[in-house]
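This structure is in structure tokens; I'll ask about it shortly.
Note that the chains take the letters A, B, C and D in the order they are written out, and that residue 1 is the start of every chain.
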Amino acid sequence: MKYSAKTAIAVALTALLAGCGGQEETAQVRDTLIVAQGADAKTLDPHATNDQPSARVAAQIYNQLLTIDADMNVIPDLAVSWESVDANTTVFKLRQGVKFHNGEELKASDVKFTLDRMIDSPTVAHIAGTIKTVDVIDDYTIKITTHQPFGPLLYHLTHTASSILSEKAVTEAGDNYGQQPVGTGPYKFADWAAGDSISLTVNGEYFDGVQEIPNVTFRNIIEGTNRTIALETGEVDVAYDIEPIDKDTVRNHENLQLLEGESLSINYFGFNTRKKPFGDVRVRQAIGYAVNSQDIIDAVVMGSGIPTNSSISTRVFGHSPEAYKYSQDYEKARQLMVEAGYADGFKTTIWTNDNPVRVQIAQVLQAQLRKINIDMAIEVVEWGAFLDGISRGEHDTYLFGWVTVTGDADYGLYPLYHSSAHGGAGNRSFYTDTKMDQMLDAARESVNVEERKALYSDIQIQLQKELPHYPIYVGIQNVGLKKDVKGFQLSPAGHHKLKGVDFES
Amino acid sequence: MTTILKIQIKTPNNRAVQTDQKTNQGQPQIESPTQDIHQSKSSSESNQESNQGHPKISSPPPDLLSVQGLTITYEVDGEITQAVSDLSLTLKKGETLGLIGETGAGKTTAALGLMGLVPHPPGKIIGGKVVYEGEDLLQLSEEKMRTIRGNKISMIFQDPMTSLNPVMTVGDQIAEVILIHESVTKSQSVTKAMEMLEMVGIPGARYADYPHQFSGGMKQRVVIAIALACNPDLLIADEPTTALDVTIQAQVLDLMKALKEKYNTAMIMITHDLGVVAQVCDKVAIMYAGEIVESGPIRDVYQNTQHPYTKGLFGSIPDLNSTAERLNPIKGLMPDPTDLPSGCRFHPRCPEATALCSTVRPEPVITNAGHSVRCLNCQPVPSTVVPPEALKFVAQESHHV
Amino acid sequence: MSQQITADTLPEAVLEATRSAPKKRSQWLEVWQHLKRNKMAMFGLVILSLVVFAAVFADLIADYETVVIAQNLSDRLQGPSAQYWMGTDEFGRDIFARMIHGTRVSLMVGVLSVAIAIMIGGTLGAVAGYYGGRLDNIIMRVMDIFLAVPSILLAIAIVSALGANLINLMLAIAVSSIPSYARVVRASVLSLRDQEFIEAARAIGASDTRIIFRHIVPNALAPVIVQGALGVATAILSTAGLSFIGLGIQPPEPEWGAMLAGGRQYLRHAWHVTTFPGLAIMITILALNLLGDGLRDALDPRLKH
Amino acid sequence: MEYHLLLLSDRYPMYRFILKRLFLLLPVLLGVSLLVFAIMSFTPGDPAQLILGESAPAEAVAELREEMGLNDPFIVRYASFVGNAITGDLGRSYSTGREVFGEIASRFPNTLTLATLGVLIAIVIGVPVGIISATRQYSLIDSSSMVVALLGVSMPNFWLGLMLILVFSVNLGWLPSGGFSDWSSVILPALTLGTGSAAIITRMTRSSMLEVIRQDYIRTARAKGVAENVVINRHALKNALIPVITVIGLQFGYLLGGAVLTETVYSWPGVGRMMVDAIRQKDTPTVLGTVVFLAAAFSLVNLAVDILYGFIDPRIKSQYK
């Protein structure tokens, strides 16, 4: 026994040492860009999911008709031009000679197939919005008709859910399409080790130029700390969502760099306006004056956020700088509490899911509200139950976030404040205001850019007065990279495109 | 060393010598412990002299085994238990000694002491000698001791059900002992093991069977085969038949007797069955609370029982040589070994106890009956029987208390 | 005279010593005497006493409202100093004060969840073992099923169905250990059921409930106590594990596991945030294990000298 | 350990014994699936809502619920699950649309690798330390090795994992910090898992060994003049191993399904992680699939252990025949 134990230990040690050697060898070849993110993609069928990790991979495989540049302008992608025929109708001219990864050429029929399939998918139908019909005019021309005028249509067509699929590939793959995606993008799907990584290889026939890096691997590294570690040890080239505390480590590392940018996401503190005392606007305003966003940003996300006056980020079309910006003022807050009849405060609860950032925000809020005698218990609820509970209005107050992925104010405001969207559709404050409904409808149905901007400005000013949500901060997103990774550009929506990324030689 | 033994031989056994020595001193009954210690010291010096004084006393066969003043304690939870106190005995080649006593009297511990197998911790041999063929086994290295165990001295344990390793074939268990002690090849050891099986009445073909495939009696035969495989000079049998049912007991006993005679093996038979002793033993020693209270040739002890405990023991057995008129069990229980009574260890239960018994520790004396007894009420025989040199030696042995 | 010895493996004198001892002392006193000599177990006991002491006097050491949960955002993630003995956490709260108060919660979760599990599991096991037959079969098969369902699923189910609070957390941890207590108790009850003193109790007309609770349960207690001591350790670890996946104690209540799991992102930048709760958990669990092992030795006559 | 179960099979050939055990497994698996199904159905959280995400209109959720058959009565849904499961179809994941069986099959080798290596490490540490500890009971070696062994089980797994990463990946740069690249990436997670089990195996080996070395047959062996190391290695160890093997089996089974925290820390693509993710996504088919699969694997490991007994202990083997 003694001997066999010794032998085993020896073997284990040898294994350890050999392991170290092995790793160095593999690091020599640089034909693969390894990207780490916090979760595995669910499916690469853009119509079957609406989650960020999937979108981040899908963004490399697919193209949409239109896309958004770094300055949030809508620019051509698979559609080279478009024309508004009337308020309800837009005609798109498609790029010619674009090949899907399966060799098929992109035709208008594929676009029709894709959009029809999208409308039928409960998961993403709301992104297709009010699209009524899609008509093929010729192989490279397509006409989209909406039920009523739909201002944000172009923005919605830039969403990853609007990625154009190959009819043939989808039909052939059947139920397994999500694991065998076929797109037109710069990289094509190669392999998926479930739970671990997704491998892509370069698309040699990409219409916008072939990428320099032959392979891309998306690795799933769940723990934030570990993504930084993997970046430091050289196991990955790019790591998404560096933990705020680790940002300086990356920034100050001799081989690493950190890219940061304002995102389209917002974190807000919502009140259930159906419940006492949150039906009273003075109570909501009192809370607005009691909260100090900057403290939250500093304590919880180490400065990776911007205090805001709106439920949509400044980068979203329609953001208004004119809406009122609350700043901490306990005097005013207490006075409003007295006016509302809560001089002695009250007890309430805040719901949050188990996201550590939100749990921490809740703790700071709890401490801040205690100053105006609001005794707020924190209810950490498991995600499924959380979504369920707040959609049904079981909560008093809650912490939530919203990403205006389309980059258009409609997506960020309509579901949150329109009375038709109560509950699961987005309005979990159960805010009900006829005037607000009218303004939101008008802004959605207008196809006039200036008119929409004005309407959204009014909406945001009104919202800050009414304060059904207290918008805490706009998130700053980041990506950590090796210094020799060049050409990486942040996408405000978070699904960064790797097109144009190369290793510095 | 050897010479000492030779001197001793003149007396029937150690006990006898001891008795005389006490008598010499005059007043053993009122001797104080301090005096005892003084005495011991001086006697150990004189022991040296006697050693030199009688180098050439010789003739009768030498003792195979001579145990002197063996004392073993256990320490459990900080409490010291006197398991064996001042135990002395001798055995010649071919002789059989019966060691009798109740459960807890210290018989098994004594046997393990001889084998050097007292579990340590908690057990510890704190004094005495175990002289085997002129060597004190207690001084031997563990390695040296191993060459004796199973080879020169073997032991049969009480419970055959648990004495065999359940995951080894019986044959391998026999062959192992042969392989260890004899310079044979593996296959020779197997052949020999099969012979041993046959000898204890088990077909050699069952070599590859496991213990659970045997009955209790058969297992004990296997144990005997292991014990005798290397033809030992001394066999210690610790209640070898207790765990067997009555019909099997006789068979196993007969087998042991036959084999013992065949190989002229000396034997210490530990038992509480007086019948067994009568059947196989030449000598007998009765243990009570870690001490030998009475010992001597079997006929002597059986027919002329002196110690009240022995009397009681015989009295509790129906119809043994009609010594007792009716069943007469001993009252009370064995004392707690961590808290032994003062004076004579048997006095709380002794029907003949006097006031003195609770204060004075009796030493073994040779009584008129001709054998050794550890009882204050028993008168020693006149001192003339034993030469003074021997007395001095024995005095030395008796101080380990 | 000799029947008893066949089963025993120790020299007679030793057995005699242990057998005669209870006459003088109660069984528990004897266990204590034995335990007292086990240095490792006593080390464990001393540690645990300190922990209990901290839990009992936590309020005297640090005030809950003004120190333990009071945020001081300007003093975030400070290292240990004279003012903050163990440094501060991400909200500038005093880690030492939180550690002391965390003792309460950690111990409470550990002890109460085990108590719940013992009560439910023990009762089921006792009933199954005592009545045997069909009932036994049904109970134990259900226990098998519970044993096969991952504890994490049970925990998430309870927390999401009933809400995340201290009581539900304890319940969640308790549920998954119910089967093991049921098994332990059932095994002891089975071995006790047919013993003579139970027959005797039955003969004088004692009710089943009386027999179970007055005669069987006290005698089956020893293995449960050992398992319980180790169970408290496991429960504290499970709490930490649940905190790791986000289902721990409700903030801002301090609890070691939650402090450890919550501080893990600061591991490389503010070592003190995780080190102290981690060490506290480690030492407490070590102590529980040492005590549990010591109790096992003390209660198991076969392992005694 | 549980000899009574084995005794049932007295006089039956080995294969009958195995068949019988497999047969006994069925009701347990059925019970497990029913319990899991009930938990998934009656706890809050709507799978349809979770699939659709944070901005799903009520109509979309209702439509999806209908499409998924979530509005059917509980019994109907359960029966259809069991019906499909019998034919080997565990359904498709709600959240990824993959076939559950296929995904389990692709991830299980990872889990198996990790658990096997973890248990091996635990055995390599636990058995020798347990033996040394037992043969020198209450000595300094005993105390210190028990404390070291216990430290392994005293550290929360994820903390130990993070520490190992800091030491071996960050500071020394010897091993990858996570993922499943080549086999060197399995060392740290296996070490993390193994240390916990090592303590348990050490403890069991020690107490089993302590019991065995007090047995009469060990005394017999010593009385035969067998050298002490042979007494321990040849006579005692084999006997002492039987309960140890039970514990090893249990630990192996436990590691197969209970490695969630370690899998998370090391981003290890195993079945445990898959299960927990699925639980949180209310992905009933995946949860059912993984739980039932792991429960079956656990039982099969125990069966294998029981069969293994036969090779170690002839008393048990004879009961199979």
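Just so we're on the same page, a residue touches a chain if its C-beta (ideal position, glycine included) is under 8 Å from a C-beta of that chain, and two chains touch if they have at least 3 such contacts.
Predicted model only: the values in this text are computed from it and were never measured.
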Co-neighbours of chain C and chain A - touch as defined: D
Label of the chain whose CA centroid is most distant from the centroid of chain C: B
A-D or B-D, whichever has more C-beta pairs in contact: A-D
Centre-most chain [mean C-alpha coordinates]: D
Whole-Å gap between the CA centroids of chain A and chain D: 37
Averaged-CA centre spacing for the pair chain D and chain B, given as whole angstrom: 55
Averaged-CA centre spacing for the pair chain B and chain A, given as whole angstrom: 89
Distance between chain centroids, defined by C-alpha means - chain B, chain C (Å): 51
Touching two or more other chains - residue numbers and ranges from chain C: 9-10, 156, 160-161, 245, 264, 267-268
Sites on chain A at which at least two other chains make contact: 223, 225, 382, 384-385
Per-residue multi-chain contacts in chain D, two or more chains: 43-45, 162, 166, 170, 214-216, 264, 280
Touch list for chain D against partner chain A, complex: 43-58, 60-61, 63-64, 67, 92, 95-98, 103, 106-107, 110, 120-121, 124, 127-128, 131, 162, 165-166, 169-170, 173-184, 187, 229, 232-233, 237, 264-267, 269-270, 273-274, 280-282
Touching residues (chain side chain D, partner chain B) in the complex: 138, 214-217, 219-228, 235, 238-239, 312-315, 318
Chain D partner contacts - residues on chain A that touch it in the complex: 1-2, 5, 8-9, 12, 15-16, 18-20, 22-23, 26, 40, 42-43, 45, 48-51, 122-123, 125-126, 175-176, 178-179, 193-197, 219-223, 225-226, 229-230, 232-233, 235, 382-385, 387-389, 391, 400, 402, 415, 421-426
Of chain A, residues touching chain C in the complex: 223-225, 243, 245-246, 249, 295, 298-300, 353-356, 359-360, 362-364, 366-367, 377-382, 384-385
Contact set on chain C toward chain A in their complex: 69-71, 73, 76, 90-92, 156, 159-161, 163-164, 245-248, 250-252, 262, 264-269
